[in-house]
């Protein structure tokens, strides 16, 4: 099951969808909206996606994981729209015969999702400002390492800030 | 939340118990009863524990993980008694600020549980035989590597078989 | 040729539109498209060196040739998850 | 001293009991306990080199000294999860 949704993610449904008698191990990853990041305070996030491409890339990373581990079933759901603190933004579930495979495959799936899948978050802070989070990538002119955001990766892109008081 | 239970594990309750606005990442591991292992077919498992020591060891491995990663909340439930194919035997949930911490801590918790916590499984096969699974350990006389069982680690202990027709 | 280019996230905000039609030469590649985009929307310039380009559902580098009817999208580095 | 020793899993099955009272010298250590156990239950012998011993909720090695009233348990390698 691969999908983007504007509704609350039901991770139990997702987890049930990867259960199988052929697999002894299930790993579920949940990304949730975190309050504090490097001393600033997040109050909400908005997620936007390039829908068709995001679904295609999610299917690609599933195939990629299947080439690397004996993956039984995979489920990935990414939420879009407005999320409050503590809300689940993404859920990745994977089942494999053995646990180390499931941990490695699960980690790979979420790592690749964050690299490849065209989804963006806009962050709202408690000081009334907001900004798109765009992790820096290496280019001819720039080689900047990504820092942390209110879920996982914050870009230094805030340097070129679009923040304005709301 | 650390406990042993004779009832079906409700992993959603466990997962909710580790959610927190301070953490952006939750990893849940589920061990389930797998049918096929190295060509033999499992039909059921019975789990038994040394209850007081098992709970103490689970608390110890939680402390251990807290020393190694910035762990926010931990939940571990191990099921005891009779389990059928596909049933969940163990659930480990952990929340951390960032995802790689949560993956590493989750993997550590289940790895150590399997090493340290006094719980044993008896395996029932489709040929009517049954046997306790006791992974081999290094001793003065023996240094044998553990193989696989219907959940994760099968011992070579079947060499000294206690199997009898039921 | 005329190409409709989808824009997302901060690229969309800076351009003030979620898509734009650009006119590029028939032999244009993705690099030429970037240049046409920044010419049309100077406000995008801080973003352009890092702007990703997709054709269909695949990422494309600057050397990738464009063709009429290509489904093109431009957007900043992704930040999902 | 007399010690009650809990048995689990295959150790329990082979001994036919979930606990046993053993009489060991007042200076006995865990290694001596193993020997007393195998003497009492010869059926346990295939298991004994690998039998784990816990005092209270901690694993104990053969050199660990026993004391009156110790909560002792003997069991094969664990296989939970």
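Lettered A, B, C and D in written order, each chain numbered from 1.
Following the convention adopted for this analysis, a residue touches a chain if its C-beta (ideal position, glycine included) is under 8 Å from a C-beta of that chain, and two chains touch if they have at least 3 such contacts.
Since this is a predicted model, take the numbers as computed values, not measurements.
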For subunit C, the least number of touch steps when starting out from subunit A: 1
Of all other chains, the one whose Cα centre sits farthest from subunit B: C
Averaged-CA centre spacing for the pair subunit D and subunit A, given as whole angstrom: 50
Rounded Å distance, subunit C centre to subunit D centre (Cα mean): 73
Cα-centroid distance, subunit B relative to subunit D, in whole angstrom: 24
Multi-chain contact sites of subunit A, meaning residues that touch two or more partners: 31, 99, 110, 151-152
Contacts with 2+ other chains: residues of subunit D: 81
Those chain pairs that satisfy the touch definition: A-B, A-C, B-D
Residue ranges of subunit D in contact with subunit B within the complex: 6, 8-10, 13-14, 46-47, 49-50, 52, 54, 56-57, 73, 75-81
Residue ranges of subunit A in contact with subunit C within the complex: 31, 47-50, 52-54, 56-57, 78, 89-90, 110, 113-122, 132-137, 139-142, 149, 151-153, 155, 157, 160, 162
In the complex with subunit A, residue positions of subunit B that touch it: 11-12, 15, 19-36, 85-86, 97-100, 102-103, 106-107, 110, 148, 150-152
